[in-house]
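What follows is a set of structures to go through.
Note that subunit A is present in both complexes that follow, paired respectively with subunit B and with subunit C.
Moving on, here comes the complex of A and B:
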């Protein structure tokens, strides 16, 4: 059994390193923070981490299949813009208009109330997954390299977002915003469960931030089952040795499409949350780009190889958290915020260098070019 | 005789199977059959059609014509998994494992045990343990990643993976070549058990003693044709070697000069690398063409790569004109006067989308540059000289090199290296996929270069070519040089006997008999 543990640790050294690094950094941060180790700080940090953690998970899946998805930021932005129309929470429902080519079309009314909000969430996530599905189909059936395929589709998604929200705007139901971006206690109070959060058994849990719970739920209910499904296994196999995967009779095309679809779904989760958090929709192109690049950095810091085949979305979550904690430090230590990219860059370089040490073990240098 | 095999009870029957690759015949009207509960060896030299045969049976390639019957029913396998479903499982030479996945994942990759729709990791692990135990290799931890296992253990995993598919017809293509001798014994025991359970086994091996020990029946292939099938003990080793030798129309080779003394140029002493090259000592003199022979994958390519500075961790000594050199990279090898025409001209030899000019001068940019700028006039002159010398047939020198025929592409590779004026020329199977006319030009060129004082080390899979071109041929087996043939000893019989590492004397005496 000890053997097994040693093997598992050795195989997941990237993730273990990321987890340890995050723990150290986060404890230091809380020690330095005047209100460290409090629910308020935890809630604030979780809110700031959630969207990037989702995008990091999104990026992981195509990377495992040795692809890169440059559209995750765009999908996030597009879904956020949709959310700013669908989650307004107006009791009478939201009228949906479409102005295109000089025509003014009335599309009907999106339902309001609690059921409307739930439906809106489902529709937003479905839009994210659909965008990912389109990516997958372009890659598989168009036989286009993922990096260029998603560069193109990403521009399309940003275009749709700009069409929906030429200027920032829209509205998100206030209760939804409040319930999802605070602690479990606030959530219970807002949606009136557990005696409005006053139930005795609930008290020890009331401090936990809702985004943190959502993150854990998505990891446990979406990522873990996928990883253990035949399709998930096929994604790893394709990234490890596509020829061998083919010779083993695995569904290669389906695995790639699934990888991009899941990426779209995770990116949709991120976009939905960002819209809820900011209570608006904003087709912010620089933000979409920054999120995409940070998602790649998170994946690498989290111990996933860009060559595919090894790694895990869990590691990427920690990668995203490390990137975010670094920015937290700038806040409390009052360092010039302009230095932030410099430090993030240095940490990324260090992480990548550790991953590249394997090159030194290669005995046939021709293999470096294959 | 073939008809004896077509007897009733054949599990797999092939009739009239033909296959061509780009016009080159790989199999021609092959009739073949094998039975359940028998181990059937398939023999033949490089390019005899064995690999194509098993690829067709395993569904990797489709035959152009012919019929395949399995257990009395006509079958066609569009993919390897279709063959697997019919109980036809092949263990390929090139491993089909995914290096980043664990041993257990790999073994159950095609149909993992599931619980509630998800892969049951525990059941999968038990299955892996059980299958590895069936081979007698319980010591492999199923949690290990395949990447972290040595080659011999990977081969065992590959075998376990095949076993897990519960084959009715198991094909082993050189499946024991990477195994340690202890593991080979275990695999033998496993094969014997499968045989007693009624599995039909096709066994391809270049190790004659293995075939003698294992096979109940053997079929010899030559030039894409099925030559003969006989039961165990039906033919002696020497007779089998004779059956394997082809009788092709001889190509014209330039006359070999007779030399009394040779000035030493390249000397290797006890060169070893990673267990793939084993204490190699070899001399190549100025003006000499020395061949590297033997079966595919016995270390010939590694030896050339080692000399060209591609491999790391080499031990032993390399001297050029009595001066020690230690090639650490292709660039270092180049400055020591070494040139290599690599194995794959499309990826290692040429930059296909670039022009003929760019490809020709790429190794000798220093010589045609003034300062750090390429001198156009010198470049044009050098290119014209090279094209004229090798008679490369081109449209315009600015055309992409990919527009040329295979033979002319290979001439570009060679011309590129001749521009560096090398003292030592390493050739890795340079005539593969090249038409006969260009081949003869290359042979003449090689001899010309040797006469001008170059030392040439020439690896070829074509024995006829080795005999025709080389002053001496070193035969490699399992990373070692097992024999050096020269003069009248340089015959096909001797090459094949040495390549199979069997008693050369007995094979030779049979040939003269």
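Moving on, here comes the complex of A and C:
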């Protein structure tokens, strides 16, 4: 039993380190925070973490298949811009126009009210998944290297986002914004369930932040089943040895397409939340780039190898949370804002370099080249 | 296609197709301007030289990027290496400005190389971290504002002046190009670079000090980025925040469009030159057409995918 546990820990040393590091950092943060260990702090932190955590999950899946998706930030931005049109929540519904090449097309109107919002969320997530599906098809059927293929499709998605929102704007339903970016208690009050959140059994749960619940739900209901499915296992197999996976008769092409589609879906979730949180759509190119690069950093810190085949999206979530908590520290320790980017960079470098110290133990130099 | 009429190696084909695509861009752009304004600015040597002058900065960055891509690595620290070189060169000023700028590039390249070659951190993540550190250092140095320092006269004359009607920046780009081409084709180091890109373990067993070569490659890329930063500061008479951000992805795109394999080991420098010219002309045609940023991004992405579908397709892994 203990042997079994020891083996499991050794196999997952990356993710275990990430979880421990996060726990230590977060407890320290709450101890140092004047309002530490309170629901308000927790809610604020999970709002700030959610989008990056989703993008880290998105990045993980292609990386496991030894690809890299440089378009996750672009997909996030594009879905956010769509959301700023589809989730306005006006009772009468929103008319949809398309102005292109001097043509003025009327596309019909989008339903309003609750059903309109639910439909809008589904459409936004579908757009994200579709963008990922296109990435997968370009990689698999176009046989273009993922890193350069997603670089190109990312430019296309950013273009679409800029077309939708040349300047930041749009609107998101206020109730939706309030319900999803606060605690479960506020959520219940806004959507009128559990006696508006006053039910006796519900009180002990009311402090939990909604984004945290969403994150857990997505990890449990989307990632875990995928990982245990044939396609999920094929993704891992492709990442560790594509030739061997092919010889074993695994559905390689479908696994890669599924990996990129899932990445698009996760990135779409992130974009949707970011739009809801900021109540607007913004085709911000630097922000898209920063999110893409931070997602790669989260994946590495979360113990997933960039070579593919080992790691997990759960680890990447912790990687993303570590990155964010580090920046929370700047706020309470009075580090000059001008020095913050420097510290962020140094910490990232230190983290990956310490993780790489294993090379000093390698006896045969040839083992380094794989 | 018979082997007699067109005896092209697989490295030459992309270059030829990319060159043909440049012609297509020129013709399409000229037809457009002729129909709309009744003139053909794209065919005037003055205009072309001016565009190439702007392209020289991208060309120098791409030359360094190509060497790193050839050993199957990538350098994401280019944007802030370039900006740091420009900012330090302008704030030092005087005769030391250019050596300081190049020195910054060399130093960053050295750090990148040591991290990638000796610590074996994937270059994707290590250079990303170094980029963040350089950005942090420059934000701390400038206080986050636009630096008030100006480029020296030598920097300005190298980047913006003309000799015999030809922009000086083009001479610098040409010199860099000749050096890189000779390095890749006529020196042992060049052979090592291709060998490492194909199979590092094999190159190591053949007696190549692969780690030292990797460091040298990153140093070359860093110095190229530094040189581009110094010139760009000279061209715009000052350094500014985020001046390198527009050079990272286009330089990778130019290298790949020129037929260099993103997985390393294959590609010719001529291809990178053609790739840079293609991207510069595409940009200038799109700006003549008054294309909004949204359309530019879409077309830019589609062109990369299209070019790679024509000649960049990998082989299926079957064993």
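Here are a few things to note about the model shown:
We adopt the following convention: the second predicted complex is superposed on the first by the 354 of 370 C-alpha atoms of A that agree within 3 Å, B and C clash if a C-alpha of one lies under 4 Å from a C-alpha of the other, contacts with A are read in each partner's own complex, and residues count from 1 in each chain.
The rule is simple: contacts are C-beta pairs under 8 Å (C-beta built on N, C-alpha and C of every residue); 3 or more make two chains touch, one makes a residue touch a chain.
These numbers were taken from a predicted model, which means no experiment stands behind them.
When the two structures are aligned on the shared chain, A:30 is found in touch with neither subunit B nor subunit C. Contacts of A:286 after superposition on the shared chain: subunit C is touched, whereas subunit B is not.
In the superposition on chain A, A:90 contacts neither subunit B nor subunit C. Of the two partner chains, subunit B and subunit C are each touched by A:365. By the document's definition of touching, of the two partners only subunit B reaches A:7; subunit C does not. Ranking subunit B and subunit C by residues of subunit A touched puts C first. Contact with neither subunit B nor subunit C is seen for A:44 once the two complexes are overlaid on the shared chain. In the superposed model, A:229 lies in contact with subunit B only, and not with subunit C. In the superposed pair of complexes, A:247 makes contact with subunit B and with subunit C alike.
Of the two partner chains, subunit C is the only one that A:138 touches; subunit B does not reach it. Contacts of subunit A with subunit B, set against its contacts with subunit C after fitting on chain A, overlap at residues 243, 247, 365-366. On the subunit C side of its complex with subunit A, the touching residues are 74, 76, 115, 118-122, 124-126, 128-137, 139-140, 143-144, 199-201, 204-205, 210, 242, 245, 249, 252-253, 256, 262-263, 292-302, 304-305, 308-309, 312-319. Interface residues of subunit A facing subunit B in the complex, by the touch rule stated above, are 3-4, 7-8, 11, 225, 228-230, 233, 236-237, 239-241, 243-245, 247-250, 305, 308-310, 362-366.
By the touch rule above, subunit A contacts subunit C in their complex via residues 68, 138, 142-145, 147-149, 151-156, 158-163, 166, 242-243, 246-247, 283, 286, 289, 293, 296-297, 300, 306-307, 338-346, 348-349, 352-353, 355-357, 359, 365-366, 368-369. Per the touch definition, subunit B reaches subunit A in the complex via residues 60, 79-81, 84, 92, 95-101, 105, 109-110, 112, 114, 117-119, 121, 141, 143-145, 273-274, 302, 305, 310-313, 329, 348.
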